[in-house]
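A, B, C and D label the chains in the order they appear, each numbered from 1.
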């Protein structure tokens, strides 16, 4: 079993996403520390690509800020190397970044990832049909390639994807792109239902922003809650409103704690 | 399933949420377009004729022919309803959406040409239509925005980023991620994930289907060359497709050389849009193709005086055909294009689109041996839309002639 | 010599200095146009096809047909090169000028449609070209001015008087008085002295020649009615001509009702351009015809929201056909025309010229019994040129709909 | 013989044109008086029409001023009735004005002209082919219909025109419309040459503005010199520059005198 799957070992967990380098590298290290203090068990770290077609406006802006601050894949790997928070790191980026890195397409990126202590990858514009090469190299390098199951994904595709996925499966809670929504969508329950038979952790993302969401997701049978835009939003507001750095760090930690509390409520509820 | 690729190019690099829609579209493409199920293609051709104004003439440019000592024929896509080849595709896709039972179409647009074509076709077929357009482009192309709205489309301004085509594509993909059940995304060129590049090519290939017959009627043989400008590549693929098997016909793809392709990248900015000529293999907007990108794989901002050529990617099939040596990529810069714009207007009474002017400009600035004696240039669109831009840019670039002089005098 | 008249209308009321040119033109018309000398008409038709994009489709407007419970066919002159029927005539006259050995053409223009068509044709045929245009019209129609200049024409601003079409005609006649030896005056409609009304009609009659065949192919019989808008009357005469002998076909000439034809003359100002409907016999610009004039015979300033219909006279043959009862004159006002502009755009994906919108508007506002079941509307031109005007005028006239609302919101 | 032809009885004469009602009716009466004092032997009086296609810019503006000041055919006739300068009056107007006047088209206009003492008519947009009706009515009413011979008019048409013309024939000196020009055109000589055989006074107009012109025209064999724009220009300048009325009147008289002097020189020259 992979380190990532291991992280689900003690019950449902929180997986926060933030964009590396937003607004700068030092901040990212502090933010990740805060999220871990808040109870995060896996960190999803965005490596920015200029055309983030799977992301919503909030994360797109974070990516633009990071790029403008000078983030590059090389710096990203340096940044991750410096991190030592005791939780697995998953990189989220787009396929062109993976493909263009280093001497050997795809391979350079994966081996560098491993070298820096990255444990998994999410490449949202790489559906299973195009993933052959990356899958193979990831396997060789012992790194998890995490796929997304969307509300539109049909049975046949689910089978194909579940055959290849490792680490955990990312259950997209709703149609659309990443972003903050008011409630947990009905499709979440249905999607989890469809995946019940598969023996791999299921994490639900897209639109999670408070403890009620988290609780409901866990109640529906998920093993993990992924939240991104809500954290990126805190970082953005901090920057915009000139809130001092330590306040942003505190707010991130509190939000993580709130979601972890929600997860706990979900578990209670499941038991009762 | 049929191949989604052209050699190593093409494919389907899209978020999972869109995969089912793309697969559904691919089957619809196979049955309706490839196999003419329910008489789809007959219906399409009939509508292209009545609504679109096809066939378009193949026109011998007498004065241009004399000037260049060649027989120069223009394929008159400027006469298609809406003023460009864009309608061939927009009508095809909107009709397909209807056959597939979709009620709504969305599209991205840069200069507004594809947006207006889509709005027209949607209105004609009674489909709801929303167009995404960068805020900056909206401000530059107000008349086209009005046209879309007058045709009943909703134009959604995209405020983020540079407010141009790239962002509009991203935003349209986002809409589609939410609305795939009811909505078809009408892509504007031979780009994006499979089946778009093949499908758009098929809808546009009517251009070479007609032209191949017409030129044989005119001169009794095939042409020595076919010249077309390349943005995403749809008019070029349309103009080349039925000549692909004719090895003796040179197929020349003219890209926007902008301010020059030698100028180095500055930050993430290129001074041209020559992805076929000097782009590097990569993945953009759903397909593997040749792309203008920096070392890390970040997509750069391309440049061309012509909004319709100003794109950092290019159709995967063209990338493949260039690698195979079947299509010759060339570039024409901003200045040469504007000069060609004036030339055709003054000599033949046809004001070409600025995009098209790049293809025309290749007549003056061609590489020895490329053209031969009998040349077809695909006149992809008319230039009414570009009149203001040309006036401003002529001034900036120091282009002087009768017209710019006169306007300088303030008439 | 052949008759210069249509009943009491027509004739040649021009200064003596022009009479020889007019006679020369009349003989050229007889031999080249009427008798196809030197294959003139064959040449003309071939060029109309290749350069002009003919034949234009006869298009069944499905959604409009459903709305009105009739079979409505649109004759697509909007697809002619330049965007209107105007090129049929401009090309014919420029070609005739060339056959006659003239090196230079001049023309008047109001909104710029005839001017751009003439500039195109002249450029195509290698003739020098000067266009007279009122200063006020120049300011209102800058893009058209640029288009003419880009096609190599010289645009002469006419500063005097109201700076509109009437003055431009006077000024062009003055130029012609000086330059008759080398110059042909390309009149923009079926107006002016003989042979212009007949000649322009003949060049435009290709419209009904095609439409008459096309409708029989479509429905197996002649239409019940043909509807066309009337400025000078060239698109109407073109659309009617080959149906004149078919008594069962109602021919409906739709004039600009402006703000209403009931409104009384104020000074020398009329609030409409309904010369066929309520004009009085008189002599204007070389011909006897129906004219909007005051008691003394002074010509009044006409009005229409559409620049191309805004003329105080009308072709003499139409005046005659109205008196004979063969053509039915009707009017559609500014407001109804703008509503029809939006209607066709939203329902059929075709933005009509504001002139043409008057003909479309007659479908909604017709007199019982006029139209019958099978209707041909002559879609004389496209409306890209009118988009800004329509937006402003909708606001002024308080026309509200989705589009005007949206634009109100500032997109 | 008509009164108009009689006016040529004592040798070559000056025929000035001004637009009636420019800038007002009273002024016109004074101007005509001045021109007669200056030596004019026939007066050509313009009755304004809104579309003066045969006139150049100078006269067009005069027509506009007159119309704006309220001139109408009815007022024109009133004005002419008031005049009593002992020289024949020729009305110059366009056919639509003639056609629209009174109860009976054309006839009303002609009979009213006669009643008011008008002796001839010039209708520049009425070529011989369209003039049948007016010719007949003029004949009945004993009024001269004066036709123009242009430089472009060919032999055959000249014959046709000369058959019908009465009073005098108006020889158009050059292509184009009325207006002031620097010299007398070559075509003047040629035109007069072509008309030599016809026994009717020939007056040359279009572009005459000084005594040299006048002299040259007469030298070429003309019987009359027509000048319009040069007088209208004096009226216009007077108005524009706020020159007092009496100055304009004086300038008109002086200009007429100058042209008459030129005519005299032409005669001298002819004799020598």
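The definition used in the following text is that contacts are C-beta pairs under 8 Å (C-beta built on N, C-alpha and C of every residue); 3 or more make two chains touch, one makes a residue touch a chain.
Because the structure is a prediction, the values reported are computed rather than measured.
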Chain labels contacting subunit A and also subunit B: none
Farthest chain relative to subunit C (centres taken as mean CA coordinates): A
Whole-Å separation of chain centres (CA-atom averages), subunit C against subunit D: 37
Whole-Å gap separating subunit A and subunit D, where each centre is the average of the chain's CA atoms: 96
Geometric centre distance via CA averages, subunit C-subunit A, whole Å: 65
Touching two or more other chains - residue numbers and ranges from subunit D: none
Residues of subunit C touching at least two other chains: none
Arrangement of touching chains [line / ring / star / complete / other]: line
Touching pairs - complete list by chain label: A-B, B-C, C-D
Residue numbers on subunit C that touch subunit B, as the complex places them: 49-51, 53, 56-60, 63, 76, 78-79, 81, 83, 119-126, 138, 143, 145-147, 149-152, 154-155, 157, 341-342, 345-351, 384, 387-388, 390-391, 402-403, 406-407, 411
Subunit B-touching residues of subunit A, taken from the complex the two chains share: 49-54, 56-57, 60-61, 64, 67, 72-74, 94-97, 99-101, 124-127, 129-130, 147-154, 157, 161, 172, 175-177
Subunit D partner contacts - residues on subunit C that touch it in the complex: 4, 11-21, 160-161, 166, 169-170, 173-174, 177-181, 268, 280, 282-286, 291, 293, 295-299
